[in-house]
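Here come two complexes built around chain A, the first alongside chain B, the second alongside chain C.
Moving on, here comes the complex of A and B:
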C-alpha cells in the first residue's frame, strides 16, 4: 500500500451560492470499509462529487492517492465509483455497459469483456448479462453499477447510497461484495442515511451533518457513548401494567410510561445494561412479549446526541 | 478479479498488444456514441427526411431524363407580339416592327430622308411621307391620312404652340381640318405635298415608303433552334461562330441599317463569337456578337449541362446546405449536453479519460455515424446519375459525388463541433443558439450562391460551396466552357447560376488551390469550437 492515503481532505468546503454543501471537512482514509453517515442533505454526495472531480472545492484541498482529482483524471485508474444517480443506458446489456466502461481504462475489447463477465458474476448477475438493463429490477441495476465500478479492480471504491431502494436479497448481495472488498484490503467508502445498514457492513464511520464532520471513528465506541444517554425501549406485551412493576425498581431504569394496556415505554440511561437485564426480568414475569423496539437507536437520535439538539 | 494475466486469442498479453490504451479508450467512446445515436428516434427521423429529399430530387432527375430536353426558343424570336402573323424573327429580318400590326414584312417600309429637329427650324416643305410626332399643322394636299375628328360638333382646335396636355386628346393620334383648310394633326404618318409646321419642342420625320410586296409568313417553329453554335474545338482561331439565321448580318434586309450591334464583343469582326482560351487550352470565356449563334439546338447542349446542374444543385443545396446543417443540429448538439442532463455523464467521466479528449472522441463517433450516412447517400446518388446520365465519360461523376460527400462530411464536422460547443456553452439555450447559427449559415450559403465573395467568408457554408465548385472543376475541367455557353447562348440549364469558378484562388485560378484553402479554413472551423468546448467543459462542475 502506498504511503499517501487513498483519500485526504484538508479543510474542504463547498458552497453552492449561499448554500453550504460541505463545510471545512478534514479527513484521511486509507484501507478498510468506511461508512459515511448522514441525513439527506448532510453533504455525503457533495463530498463524493468532490472526490470524483465533478465539483471543484470552494476552499481546501482534495487528494485522491495524493493527486487533485479536479486537475487530473489519473487517480481514476485506481478508483471505482457508484453514484446515487439511477439513470443508466437502459438500451444496453449489462455486459455491454460494463465492458464499455472497462475499455475506458484502456483495456482491449476482449480483455474488457472477460473482466466485465468476472465483475458481473462477482455481483451475482452472471445469468442475465446479455439482458437489457432497462429490464432489470432496482437491485440488479445497482449491482450492474457496482460491477462497472469494480471491473478494473480498483484500490478505492466509492459507493453513494448503494443500498437505496434495493430489496433484501440485493442488499445482502451488495453488503457481501462491500465486505469482501474490505477484507481484500481495498479502501471502500460507502454512504447511507440508515445506521443499521452501515452497522451491518462496517464499524469505521464518518458522520456528516449539515456539511460538517461531526464524528469519526468506531461505530461501537460512538454508540457506547450514546448508550449513557436517555434511551427508550418500547415493549409490546400481553399485560403492560404487570410488566411495568417488574422494571420500576431496577437500577438502569429511571422511568416507565404506559401507552396502552399492551404497550409500555421504559426510559433508561444505560441501554446496554438495560438490554442485558431485559431477558431475565421478562422470563421471571412470565408475561407474553410481542415485540421489543429501540426507537432511539437510529441515526436521528445519534445525531441529536452528537450535535446536541434533541 | 485480477485480469492482468488474460491473454488474447493469439496468446499475447493484453497489456502489450499493438493498440495503445488511448486507441482503446477512443474506440470505446466512439462505439458508445454510435450505439447511442443508433438508439435515438430523432436520428432515424432526420435520416429518413434526408433520404426522402434525395429520393424526391432523384425522381425529378429521372423524370427529366426520360422526357429528354425539348427545344426552346432561346432568343425568344418565335413570338408574334402584334398578331400580324409574322414571327418576331421574320419581322426583324425585314426591319418591320413586331409591335405594330400595320407593319410586317413586305408592308412597305418607311425610309427616312430628313427630320424637323427638336431645336431646329419648325417647318419643312416638300412632297414626302411624313411622320409627325407631336402637335403639327400641314398645309397642302395630303393622302393616306385617317381623320380623328373631335367629338360632337366641337370645332377643330387651332392650338399648336401650346403644351400637349392642352390638346383635347393628349397623346392619342389625332387630326382634323381647320376652318382655313389646313390640317391640325399629332402622332400620325401620312403622305402629302405641302408644308409641315411642328410645335416647339416636338419633331417630325419625312421620307419615302418602299413598294409593297408579298412575303409569306414563316411558321413560328422556323425561329426555334435556328442559329446553332458554330464552333470547332480544333480550330485555333478565337473568332468563330456563324449567323445562320442572318439576323446579325441582316443579309435579307431591304436596306442595311447602321449595325451598332454587329460587333458587341469588340474584336473588330462583325457577327462572330469570341472564344477565349486559358493557358491550358480550355475555353474560359465566350463572347458572341449580338444575335450570333443565339438559338442553338437545345437537346445537344442541355443534356450535359442540365445533368451537371442537377448534381451541383443537389450537392450544394441538398447535401451541403440542408443535410449538412440539419444532421448536426439533431445529432451533435446533445453529444455531451444530453449525457449531462440525463445524469449518465458521470459513468464516463469517473474513468481515467480527460474531458478534452472525451469531446474529441464523442465528435468522432458522431462524425463516423453521420458521415457514413452522407457518404452512402452520395454513392447512391452517384449510381443514379452515372447510369441515367447523358452519354459521355460518366466516371468523372463518381469523383464529383465523392467530393460532395467529402465536403458534406467536413461541414458535418464543423457544424458538429460548433453546435456541440453551443450545447456546452449554454445547456439551456444552446438549442436556440444553434438554430440562430443555422439560419445564419443558410443565409450565408444563399449569399454565396448569388455570388457574394466577401461577406460570407466567415461561414462554413461559404467554404463548403466553394469547395464543391472547385471539385466540379477538377472532375469536369470543361465546366467553365459549358457555363459560359449557358450564359452566351441563352441555354437555360441553371449551370451558370449554380456553378461559378472558385473565387478564392489568390489569382492562381487553380481549383486544387481552392480545394486546399477550403479544407484549411474548414479545419479551422472544426478545431476552434472544439478548443472552446474543451475549455468550457474542463472547468464545468457536473452536479
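Moving on, here comes the complex of A and C:
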C-alpha cells in the first residue's frame, strides 16, 4: 500500500516581501473531497500556486505524491488543476482546447480528441463542443476548465473557486462533478469563500485565515472541539418556559435563553449527550415540539468562532 | 360606503381618461413568462487507462500548436489573417530570385547576361539572399521576426495562458525550448529554405554540372551558416523582448526598433565620425560582417571580425539569459 499522501505540506510559508501569503502551514490530504475555506486574502490562491509549482515556498516543503512540484513536473501527470483565472484560448472550440491540453500529457491526436469528448460529455457540454469558447457562458467556461483538468484522468484534482460566478444550475452541475470525483476515490481539493457551497460538497475542511491554518478535519468534529463556544440547540415548542424548567437542572445544559414564548435556546458543551437526553425530557414534559435545530453547527458559525479566536 | 359618483364629480370615465385606457387595468390576474425547466444531468465518469506519452510527444504538442497555427486556424495558436498574409508576401518576396533564375534560363544567351549577373549564383548573391540589407534585412526578415516572435510569449502573458502549460507535465526548459524552436523553425523555413531553393533552382534551371557545384558549394555553405546565425540571433532577441512584454505590439516594435534603429544610428555615426565600431551594437551588422567572412567577400567594416563575433555572442547570451530567467522564475505566468 502506498502511504505517500497526495498532498503534503510541511511548515510551509510564503512571503511576498513584507506580506505573508501563507504562514507555517502543515497538512496532509489524501482521498475524498476537501474544502479549503477562507476569506479573501486568507492564502487559498497562494496555497494552490505553491501546490502547482507556480511559487516556490519561502520556507518548508511542498510535496505532491511525495515529489516537490517546484523541482519537477512529474506529479502533474496525476494532477488536474482548475485555476481561478478566466483566461482560455477563446478562439478555440472546447473540443480543440481540451484536446490541445490533453496532448500536453503526451496523448496522440486521436486519443486526445476521444478523451476530450468524454471529459466534455462528463461536464454536460457534448452538445456544444464545436462552439468557440469565447461564446460560452460563465458556467460553461468553468465546466470547460474542469473538463480540461479531468481529461488525463488525474488522481488529484485541485479546483480554485470553481463555482465563482456560476448560476445555480451550473453550480449544482459542478458540485455533482466534484462529489462524483470524490466518490471515485480521487483526491479533490476545492476552495471557496462561500461556506454553503463547501458545506454542500464535503464535511472535510481546511480553514485558512491570514495565511495561517486555523482548522483541519471534519466540520462537526472541529465544531465539537470548540469548547469555548457552547453549542446551541434551538427548540420551537408550545410553551418554552415550561420546557425550560425540565432542562435547567440537567448536567449537559450550560444555559437557557428565551427567544419568545414559543422558542428557546439551550446551550451545551456536549452536543451529542444533550441530543440523547432531549427525547426523554420532551416526552416527560408532554409539551408539543415544532422543531429542533442546531443553528451553530455549520461552517459559518464555525468560521466566525475560529477566525474570532485566531 | 356608496360607490355612487356625485354629479359633477370624477366618474369612472374621467378616471380612466386620466390614468388608463380601462381595458383590463383593473384585472388582478397576471401572466408569467414561461421559462424552461432546469436539468441536472447525470455524470458517468469514464476513467482513462491509456498510457501518457513520453517527453518528446508532449514537447511536440507545444511545437505543433505554435507552428501549425500559421497554416490552420482551428485548434492551434491563432495568427491574425494579416500576419498570415504578411508571411505569404515575405515568402514570395524571398523567392523572387528563383523566378528570375527561371526567366534567365528561358532567355537564350543569358549565361553571362544581365539577368544572370543580377540573380545568378555568385558570392554577392548568395550573401545577399540571406544578409542583403535591402530588401531582406530592411523590410522582410525583421518584419517576419516581429510578426512571428513578437506575440510568442507576450500573448501567453497577456491572456494568462502560459499557466496552462505549467499545470501540465511541462518543465520550464521544455516550454522555453519549444517556444524558441517553433519560432526559429518558421524563420528558418522562410530564410534558409528559400535560400536552399534558390541554390537548387540555379542548378536545375541552368542544368549546371558537378564542376559548378564543386565551385560554389563552399560559398553556399558559408551563406547557409550565416543564415543559421541570423535565424538564431533574431529568434533569441525577439523571444527575449516578447518575454518581458505583455503586449505583442510592444515586443514587435521593440524588435524592429532594435534591429533597424541600431543600424541607422551606427550608420549616422559612421558618416559623421568615420568609424565603424558603433556597428558592434547593431545585430544586423555583426551578422553581415560574419557573413561576409563566411562567403569570402571583402569586409565593409574597419573593425576586426572577432569583435563582431564577440558582440554577436554577447547579444545572443544576453537575450537567452533574459528569456531563461523570465521562464525559470515563472514571471511569464504573470498577467
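Please note the rule applied: the second predicted complex is superposed on the first by the 224 of 310 C-alpha atoms of A that agree within 3 Å, B and C clash if a C-alpha of one lies under 4 Å from a C-alpha of the other, contacts with A are read in each partner's own complex, and residues count from 1 in each chain.
Methods note: a residue touches a chain if its C-beta (ideal position, glycine included) is under 8 Å from a C-beta of that chain, and two chains touch if they have at least 3 such contacts.
What you see is a predicted model, and the numbers here were worked out from it, not measured in a lab.
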item: Side-by-side fit of chain B and chain C on chain A, or clash; value: clash
item: A:177 touches, of chain B and chain C: first, second, both or neither?; value: second
item: Contacts of A:110 with chain B and chain C, given as first, second, both or neither; value: first
item: Partner chain in contact with A:187 - chain B first, chain C second, else both or neither; value: neither
item: Which of chain B and chain C A:85 touches, first, second, both or neither; value: both
item: First, second, both or neither for A:77, with chain B first and chain C second; value: both
item: Touching partner for A:34 - first (chain B), second (chain C), both, neither; value: neither
item: Chain C clash site on chain B (candidates 26-34, 98-106 or 188-196); value: 26-34
item: Common ground on chain A, meaning residues reached by chain C in one complex and by chain B in the other; value: 52-55, 73-74, 76-77, 79, 81, 83, 85, 87-89, 91-92, 100-101, 103-108, 111, 115, 118, 122, 148, 150, 153
item: Of all residues in chain A, those that touch chain B in their complex; value: 49, 52-56, 73-77, 79, 81, 83, 85, 87-89, 91-92, 100-101, 103-112, 114-115, 118-119, 122, 148, 150, 153
item: List of chain A residues in touch with chain C within their complex; value: 52-55, 72-74, 76-77, 79, 81, 83, 85-89, 91-93, 96, 99-101, 103-108, 111, 115, 118, 122, 124, 148, 150-153, 168-169, 172-173, 176-177, 180-181, 184
item: Contact footprint of chain A on chain C as seen in their complex; value: 38-41, 43-55, 57-58, 61-62, 64-65, 74-76, 78, 159-161, 163-171, 330, 333, 335
item: Residues on chain B engaged by chain A in the complex (per definition of touch); value: 1-3, 6, 8-9, 14, 17, 19-22, 24-25, 27-29, 31-32, 35-36, 39, 342-344, 346-355, 539, 541-543
